[in-house]
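Take a look at these structures.
Here chain A shows up in two complexes: once beside chain B, once beside chain C.
Showing the complex of A and B:
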């Protein structure tokens, strides 16, 4: 079993990212607002939410691809959000990223062999002589035959390309892999293969994942912990099983109800359906979800955002005042 | 009952170099009036081109080399483009996955909506405008008048899809072909669109042919299902029969490989090994055989459709042996 309290591998404290609005516009866009999270070694944190909720921005902030407007990112207790690129580079080998579009994240003019060798030689994790053996090893780890190393990315199917991306991420023996919608573009049958592969790799290598997705089923399957984001904020955070079985925030409940049933017996089951869409209006204070929330009342409009335990001492956190009653 | 649309033994070929590639192999199914039929399959299985061929939208390259497409008894394939104009948009409408590409970015929504209405129904400007506003309101758009003046880039994906649906409904079509209309949308918006289509079906009494790769969409809205794999229909039947008692090993495997939020995460997903073959034309016999768990014991060269007493078909010689719940013959 996983230990409950471990020293976190990555920790984000009150991360905020504000983008300037359009030219001459006074509305800045708050993509991420005060997001705090921790990922322990060998653990998976899933982030779910609708498009535009800031989940990919969180990933980019953790990777150091964007600088936060305020807040802190700690990687093994070292603050990395303010490091210059030059100093960040040696640490970067410890956290890698896999993107949704495997086609455009692999260099089309390079053979798989070179794609996998380049990062290893750059970071000097292996010598040029050892590289070929390591490449064969990486390919077999992700379930591709070693003969395929002299092929080009276009000769592979989408699922196989995603395997190459995972192999490339693994080549530096990272402690954390950030997966930004890695299975969203794949066929159902292949999606299951990749999810199983990711789980097996975690079991053997002990790597931690940050898994971003909008398919609730996939996120639930792969994650130990889940953070639900809405308009740049985490509205609910907790153990994967617990959070989906007993959602404490009306938004999480609505997301679950909106997920199509996979079982015919659940067709036409009663559900709470959301109307409207997440608006990008400026923050007016109070609960962000109030306008779409079926349980909203006057008190919600003025209540400041706060992520609180659902029950005393619980790891399950929610930002709704009704959390304990839902 | 005479089916509204009947597709019989449809073969579609595309040129590849000097040879012709057969992308669908004797595809056949029918849609009754007012019914929701879901065609489900993975990418490249031929579900979209089958739908496109109904309205002659295959482009210059694609050719229908065999079979018939009958709309209320008339063969659509034999029609000229001029004759088809009376059917396209009027009797059969279509909506697509890539909504941004189906709306003109430089024309306002009002302009694009009224164009079809004026052309098909011969309405005047004012009348067409009123009708467009009414249709937009029907698809759940708040403040439809202001929507008429907006441009596609100002709308979110869900709103654009609503506009597309409103346009498709203009002439009260008997059949709406929807090619993955919810794939690019968020789950919450997807559910709104599914509910909208279902309510419009009961209000207008139109049939919907829904193309999807998402089993969830099938569960939520289908009356009947056609499962396609590698250019062939492999199973078809009533939605309940197909989902609760899948006969074809592919359907069975597909249903098992979907991660479910409501299931325990301790259970391992049963992925289908291998990938969909890219060049499936050359495969003789069963095209699923290389990935099929039963393939070793399967001796059949070319499995044909075998229906049961309830009109549930599967292209597998083991279909009725694999049956999970035995049916009593009626």
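Showing the complex of A and C:
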């Protein structure tokens, strides 16, 4: 692990995003509830959770693509969540995003050359004369030959397109790249290539990542820290290794157990398997996971949400009453 | 390199046999209209023969009621019709694209106001609108161009707005916003080029409709004013039953020309629709 207590690059404090329900209905949807997190320079924070748990909303909130209902986003100690777009624009180059669907992430009518060049020229990262050299450099950084710059996005495979998206994000020399399920749409073998590329880039450039995924393997491989989200809340937070070895929340345990075992000796080990789906019901108080939790009891129903250290002084946090015992 | 995509589109266009024939016919009509003075020796507005004379060797399509050569009147009328169609289409497309872009991208009350206005214009019985407008402003070539331009933009505006709304949700626009790109770049360099194809296709049908509308208005006497010939006011002469039955050279060629123009333009529009969709391998 890297230096642990550094000044955070980006910090979210009690971020909440509520979407208004349909007209006249009172069912507001709480996509994100009081999520706090920090990412240090050069570090990777992974966010896992099932579809609809609010992980992508967190990404959009951090990117300033949406305004939080409440809470604060600090980027290098500057509050950015309430900045008007006009003032946000000049500092946007410092944090970039890569999306899951690389097909719609690139303008189909432009050559790679233009796709990479335009943002750099606007932000004056390079001069017009240096741009071609820089574009070749960016392409080689992501493992594409320089000739490909005259091609159109549809002439590439999904994995190659994702490399172009990464190159575009890198072109503005960001300090943070938010990766919203960047490998979920790719073949497993290509996934590994992209993950290795991301790791190498982090080693050479020192860029920080927020890596969102639902594939546990990928998140585990690339992240230093992991946050597990359930129904808009972080239910467990800790070092990647520690969290995988000793999950302290039944939901994390279920996520780990749901992955098919590749090790035959583990095949018959006891598992926590979930039934049902995360309900979108309004907050009834108590633990959100209680209805699906195999360990739930009456005490869970009235217990307010709180993220606490699993052991005293530990960096490993969990919201479960039974965290220490699991 | 940039032409790779256009070349593919052209290949797909060529596969439409009917559209290729239409393109040929349209080209011939346009060229003869453009070079009218070289083709016909007669002026379209000067008397050069007998009254309502049937076709003969010197007047290929006969003469009209006051002795003007019908063939040269037709050629000049096509000029006028094509010009009305092109300019009206140009104006309505320009207005529609601009309003659609603004409404779609800005959203909120701007969108509601603009789309409310669009719906209002759209729901107005447009022949009535044209007649009223033609009555208020002096009927003539330019007023009909402006009126048709004003009537046809709502369709374009809605089309563009819809496209902008769906493009706004795509990742590459989100990526542009995330990269801090300015609004004018996103609108004119990213969104606009991606809506050009449907707009162009829509414009061909507006073009055809404008030619028809001009003919209708001129037929009713509210459009292009004589002695300037237009396809519509030539048809105007066919109002009497004796001409309709006894002197077909006074109205049949104009009718056929209008039909040919509209059919050709619509076929070409259809072929464009297929050609510009990259999914049609």
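The definition used in the following text is that the second predicted complex is superposed on the first by the 318 of 326 C-alpha atoms of A that agree within 3 Å, B and C clash if a C-alpha of one lies under 4 Å from a C-alpha of the other, contacts with A are read in each partner's own complex, and residues count from 1 in each chain.
The rule is simple: a residue touches a chain if its C-beta (ideal position, glycine included) is under 8 Å from a C-beta of that chain, and two chains touch if they have at least 3 such contacts.
What you see is a predicted model, and the numbers here were worked out from it, not measured in a lab.
After superposition onto chain A, partners chain B and chain C are found to sit side by side with no clash. After overlaying the two complexes on the shared chain, residue contacts for A:193 are found with chain B alone; chain C is out of touch. The superposition-derived angle at chain A (between chain B and chain C) is 80°, Cα centres, a multiple of 10. In the superposed model, A:93 makes contact with chain C only, not with chain B.
In the superposition on chain A, A:168 makes contact with chain C only, not with chain B. More residues of chain A are in touch with B than with the other of chain B and chain C.
By the document's definition of touching, of the two partners only chain B reaches A:215; chain C does not. By the touch criterion defined above, A:63 lies against chain C but remains apart from chain B after alignment on the C-alpha atoms of chain A.
Of all Cα pairs linking chain B with chain C in the superposition, the shortest spans 8 Å. Every residue of chain A that touches chain C in the complex is listed here, in rising order: 63, 65, 88-93, 95-97, 99, 101, 104-109, 111, 118-119, 122-123, 150, 152, 154, 165, 168, 172. Taken in their complex, chain C has these residues touching chain A: 1-2, 4-5, 170-172, 174-182, 185, 189-190, 193-194, 278. Residues of chain B that touch chain A in their complex: 42-43, 156-159, 186-192, 194-195, 213-217, 219-220, 239-240, 243-244, 253-255, 257-262, 264-265, 268-273, 275-276, 278. Of all residues in chain A, those touching chain B in their complex are 50-51, 157, 159-160, 187-193, 195-196, 199, 214-218, 220-222, 240-241, 244, 254-264, 266-267, 273-275, 277.
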